[in-house]
Amino acid sequence: MALTEYRYSDVIHRCFRCGYCKFPTSFIEVNNCPAYARYRLESYSTGGRLWLIRAWLNDELDWSEHLGEIVYSCAACKNCAEQCPLPFSDDIVDMIVAAKGAMVERGSVPSAVKEFLENVDRQGNPYGTARSKRGEWMEGTGIQEYDGQEFLYYVGCVGSYDTRAQQVARALGRVLQKGGVSFGVLGDRENCDGNDVGKLGEEGLFEALAEENIRQFKDLGVSKIVTLSPHAFNAIKNDYPRLDGTFEVRHYSQLLRDLVRAGKLDVSSGFKAKVTYHDPCFLGRWNAEYEAPRDVLRAVPGVELVEMERHRADALCCGGGGGNFYTDFLGGSEDSPSRIRVRDACATGASIVATACPNCLTMLEDAVKAEGLDDRLKVMDISEIVGEACQARGS
Amino acid sequence: MYELRFDERKCLGCQTCDCLTKCQYMDIDVETAKTEMRKIINGEDSFVLRQCVTCYACEEYCKKGNHPFYLIVERQEELDIPPLPRPLIKQGVQMGVPWRGELVVQDVQEPFLDMCMFPQLAGSIQGKLFDSVSIAPTDARQRAHFFCQLMYLHYARSSVIRERLPQVIENIARHNVKEVICFHDECYGTFASYAPAFGIEVPFKPVHFFEYLYNRLVDLKDDIKPLNLKVAYQRPCSSRLSSDKLHLVDDIFDLIGVESVEREYVGENALCCAGAIRMQKYEGRYELADDVLRRNIEDMVRAGTQFCVFNCPACFDSIGHVVARSGMNPIFMGDLCRLAVG
Amino acid sequence: MDIVVAVKQVPDTSEVVDVVEIDGSGKDIERGTLVSRINEWDKYALEEALQWKQKLGGTVTAVTVGPGEWDDTLRRALAMGADRAIRVDEDATVIDCSAAARTLAALIGRLPHDLVMFGAQSEDFGSAQLGPMVAEMLGIPHAALVVRLQVEEGEAHVERELEGGARDLYTLRLPALLTIQTGINRPRYVSFSSVRKAREKELSVMSLDELGLPPQALTPAVELARLELAPAGKGAVLISGAAEEAAARLATILREAGVI
Amino acid sequence: MDSICQSLAEIVGEGHVSNRPEELYIYSRDLGTAEPHLPRYVVAPRTTEEVQQVVKLANREKIPVVPLGGGLTLAGLVMPLRGGIVLDMKRMDSILEVNERARYALVEAGVSQGKLVAYLNTHHPTLVHSEPGAPGQATVAGNVAIHGQGDLAQPYGFNSDMVNGLEVVLPTGEVCRIGSCSLAQQWFTQHPLPDLGLFLGWCGTTGVITKVSLRLFPRKRIRDMGMFVLEDGDLVPDILYRISHTEMAGDLIAWSQELPVTVSGLHNISIFISGDSEEELELKRKLIRVGILGEYIHSGVGGLVGLSANVRPRLPRRPPVSTIQDIKKGGGFEYVGAIMPVDTYPECCRRGAEISARHNIAYTLLGRVIGRSHAMMFSWSYVFNRADEDSVREAREALYESDDLALELGGIPWKPGVYGQQAVMERMDPNTLSLMKKVKKLLDPNGIMNPGNWEVS
């Protein structure tokens, strides 16, 4: 693709590389951009990335696996969009996604990205595990297949296939049951929501997935959706409508808050621990939902909620966004964002780092192991904490 | 060129000279008032031209429907005795120059709300009260095309108003609406008082913002939850050009169930925000501004004010934070009404 | 430079070994729940062909013998960049290599071919015979397990992979047939939109007699007696814990096993 | 990977070295108008020892070394003019010590201005450093290496006058400490030892600064500001002189710009004050407003906005957020800053506006007082469109003309690019020049440190 065909050809040169995109609002650390945190080379900062993209589209640079990795190491966490003072700040992430799109159309993407996309195309999930195994997580939970219930509980790929995340998918199921929510799941019929496929620049595949899902949801008469993953929440809330798929979608943390407030969920057994909350990008910066998860935690007796120095719109991403939980361009170092993040969490003195995203959960959990913090810090999903808090006393 | 239609005979024949005798900033008896007005009419210098703090009030005091304040400003300019330091005049005059693009005529329907220099406040034009309203400008880069210019009465630059106003009126008229609701008192004053006073054609009917609010509230009567608050209204200079609309403030307060507090500085006797006074060049003006502000605020507090209600964004900007600092809530009239209808 | 690439569609068993089951006949696996895809090796053959077309011009034609569903794979080949695709309409799951070879030879024989490329083997039956057989039937030279290719002046210089990573080099006069080993290149990603665009490209279907072959041409030389699943392996150990410990643990296991 | 890359990787770890086209591309480009120059390697060290080994290797192999901080000089001072190794210091970003009582902070060279501000805000709210007003990623060490100034310049002078001690890796590889830290772990003063000021202002041509001890100052609880507006720029020097006389003001900045139209043709003096109490502030306001500005206001030549308990100040963020580079929607911005006598302000403005007009760029002129009007840093800023070669050229020419203007008016270009450096050295006393040459030769026999800059021919 030539620069002239690029959607942002008239904007991309306007990045000055002043570097605000690397920081949180307070400027306390230069590593609030996950990719820059990991590599600490200008090429991996958002500004550097934009300049490199422009150089590539201008034929000043050839495509290389390394260039691909630089571009795809963007976790689409939106910290740059949050911090960039220029008028086009809202478009920055999309400028990078559009460049990924150009690479996808040329067929030159890093191997890990290729696997991710081919797996989703074949099996409806990035791991390439059989579609026929998607529903296995729900065995023995008594959770029903969707059949006209009030809510469709959309689990997503990570919750369906990752062993740790499956526990969370079940935990949330149990909590919803306890809360008397009428809901069902799709099991093997569920397909990838496409959020990360889109963020990897494979617009065609994203639309195919979205249209397929929308058709299925409509056929089943779904009107309300509750998602386990903020990624699915983001896609269904912000992208499906333009494909004529408008549903009343909520992230589960929002639903739990209502249940607790309405007294439909008895959390009186409580959960005694000092807890810090990690904001998932696709809940926080992408959808400005910072309070619901915190409200839920505050509602649980015994939970002492403490904040990390960087939180809410300034939270450091776990490094799993934009498909990186699978492609892993940000892993393998003590500078990996997930490891920095668990060190941040540890510094608060909390014994639990809670999150509300299966991607964050698995990223942080691996990081806790890698940091050897197993004995000091436990990674839990909010639904698990609530789950424990609504165990009837004594049981 | 447009000229001020000032009836000298009315003025010279006036026995009360309320314009000057009622002035809150000058202590003038009828005799002096007569002499000074005569000088002013004859285009001679007068201490009035220097002592005037440009609060617009005399436009309201004058019972003869004459335009003493417009006249004073004319003379301040002719005799080159402006109340402000020159750099601030230059700055102010340049503020109204469109420099970020030509006028973009949006397609709008009535009711149409003219936001003048304040598109950034469009955020509060929403909800039931405004559901069918379309507004312009919506983009800060467009605002100079809608700027009513009346502010320059504080700058002894009536000529600038006359020079630019016709174009601004033309810009608004190009939106093809019969009625133009004026978000800002200043705009209403411009179209309803200043323009006629200078024989400037206004091809649409200006509607006072409070008039719209009042009528809309009447429509929504059933949705109104009385707020039961004690409020004080901060009268802007420009409301002196539309005293006939002042009753709407209390009418609205009644509708939304707020009590306007008993205070000294109210109605004719209201104190301005003193924002203009603070910038003036004469010795003591800065201190005067502080004094006016202090008296105004103390009066509100003494009366047990909970909310201080604004129409003019300039007033809000210059004293809103002091109001807040003194334990009251500054709020625009529109937002107060929105609270009431939920 | 005209290149013909033979491709095959296979069931995707990569991630799902445990769900593979033998069907009633005992001669095939349950294909019900399995999704199918292009044979891994064939991707490399196609990529290699396309890269040479890019360098030298000419055409790339993808061919296969198989049932209607296999059009998906041909479409994928077209999406990758092949100019046209031809399917001989026969159920390849019931015919043997020699039959398939005869059919393909007949087809390829009718097409312009300076180079013919096969994947080194198939993921399902993995006999690795088809390429060589076709070469023999066409009477053109061939090289198997090619990991490097250089084409110039009517000759193909190839590098083959041998046991233990040894290599040998040959020069073949064109036309020639090569079976391509994985790793020779990095097959491109085929974007969804290019698959959509490929729908406009030519995909023709031929029958045996259009190729002038009698039905008995498909009589198998060998017959599949029975399929069996490999018995589940034993002694798998799951290592958990922090990276350092895990690594240490693994090292000891390997040492004990005498692997290192 | 060639052998040098290999050995660099052994020093700093593989992930922190690159000779790949992508990194070389990014590090070959400055944010300003300077033409790109490709490095051969990019290295991001974490410790002084690593820096030391890299420099030793470079000195042995005679490869240039260019230390890079925030990369925001805009004058191309951190571009590898002769190739070689770009040393990205930003990984060395630990704040090692803040001594409240002696009021200093000891930081590694890669610590950003933003981080120091944030760290002091949270952990030492009564202390503040002189923040230069560049984007937050500018580094403390980079700033003193170029004689930067900050928002405490008016009361306390150049940031490089606030250095209590340095750790430097010499071009020949020795780690050397300057100041009290050379005797013991004490970083509170450079004096009374013999002056070894061989690194400040040398732009990395005499060694790599790895640690800086920077003076901190009392941080008052409340900030306030006023804007004094004038038409007549000739009044500015006098007013600045008189305000600084009151000793009540902090940062003092006179500026004049063509856009937005509102401020066009005017001169503004931004007056910053601070105090621990309303009383203290009010005293300062009065002394400045009534004592100094009153007569200008009453005569109608000056107007005051703010500096009042009853006017809410619009205070800039620290570090400030700048968007000037986007004015042309072109992402390009560079300025010539020069240390000038305050009296030249009017002439700097007049001639600056002419230069801007010649190159049809809206003029943006600013003078920040340094010390009690001892000098000012005057900047002529030019925005350009990075995607438009002509626009870049216009800006570049305007910059050269501004360098010449600064010298013509008796000032000295600050952190000049190569063009400005040459212009300065042409006018310099030959003995001074040869002393510079001797110092450079002595410290850097192989000429590996940031070659092409401050090169005495």
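Think of it as A, B, C and D in the order they're written, each chain with its own count starting at 1.
We take it that a contact is a pair of C-beta atoms (placed from the backbone, for glycine too) under 8 Å apart; a residue touches a chain by one contact, two chains touch by 3 or more.
Everything numeric in this text was worked out from a predicted model, so none of it was measured.
Trainee: What is the shortest path, in steps, from subunit A to subunit B when you may only step between chains that touch?
Mentor: 2
Trainee: Counting C-beta pairs in contact, which comes out ahead: A-C or A-D?
Mentor: So, comparing the two chain pairs, more contacts are at A-D.
Trainee: If you take the mean of the Cα atoms for each chain, which one ends up farthest from subunit D?
Mentor: So the chain farthest away from subunit D turns out to be C.
Trainee: Kindly work out which chain lies most centrally, taking the average of its C-alpha atoms as its position.
Mentor: Closest to the centre of all protein C-alpha atoms: chain A.
Trainee: How many angstrom lie between the centres of subunit A and subunit D, each centre taken as the mean Cα position?
Mentor: Between these chains, centre-to-centre, one finds 40 Å.
Trainee: Go ahead and note the Å separation of the Cα centroids belonging to subunit A and subunit C.
Mentor: Here subunit A and subunit C have centroids separated by 37 Å.
Trainee: Give, as an integer number of Å, the spacing between the C-alpha centres of subunit D and subunit B.
Mentor: 47
Trainee: Measuring from the mean C-alpha position of subunit B to the mean C-alpha position of subunit C, what distance in angstrom results?
Mentor: A distance of 83 Å separates the two centres.
Trainee: If I count partner chains per residue in subunit B, which residues reach a count of at least 2?
Mentor: Where subunit B is concerned, no single residue meets two or more other chains.
Trainee: Going through subunit D residue by residue, note those that touch at least 2 other chains and give them in order.
Mentor: none
Trainee: Show the residues in subunit C shared as contacts by 2 or more other chains, in ascending order.
Mentor: As it turns out, subunit C has no residue touching two or more other chains.
Trainee: Among line, ring, star, complete and other, which one matches the pattern of chain touches?
Mentor: line
Trainee: Judged by the touch rule stated earlier, which pairs of chains are there in contact?
Mentor: Chain pairs that touch: A-C, A-D, B-D.
Trainee: Please give the residue numbers of subunit D that touch subunit B in the complex, ascending.
Mentor: For this pair, the touching residues of subunit D are 229-231, 259-266, 289, 294, 296-305, 308, 310-312.
Trainee: Enumerate the contact residues on subunit B facing subunit D in the complex.
Mentor: Those in contact with subunit D are residues 82, 84-88, 90-91, 94-95, 97, 99, 278-279, 281-283, 286, 289-290, 293, 318-319, 321-322.
Trainee: Under the stated contact criterion, what part of subunit A meets subunit C in this complex?
Mentor: Touch list, subunit A to subunit C: 104-109, 111, 113-114, 117-118, 121-123, 127-133, 202-205, 207-208, 369-370, 372, 374.
Trainee: Which part of subunit D faces subunit A closely enough to touch in the complex?
Mentor: Listed in rising order, the residues of subunit D that touch subunit A are 15-16, 18, 20-23, 25-27, 29, 31, 42, 44, 70-72, 88, 90-91, 93, 112, 114-115, 117-119, 121-122, 135-137, 319, 321-323, 325-326, 329-333, 385-387.
Trainee: Provide the residue numbers of subunit C that touch subunit A in the complex, in ascending order.
Mentor: 12, 14-16, 19, 33-35, 37, 80, 186, 188-196, 241-244
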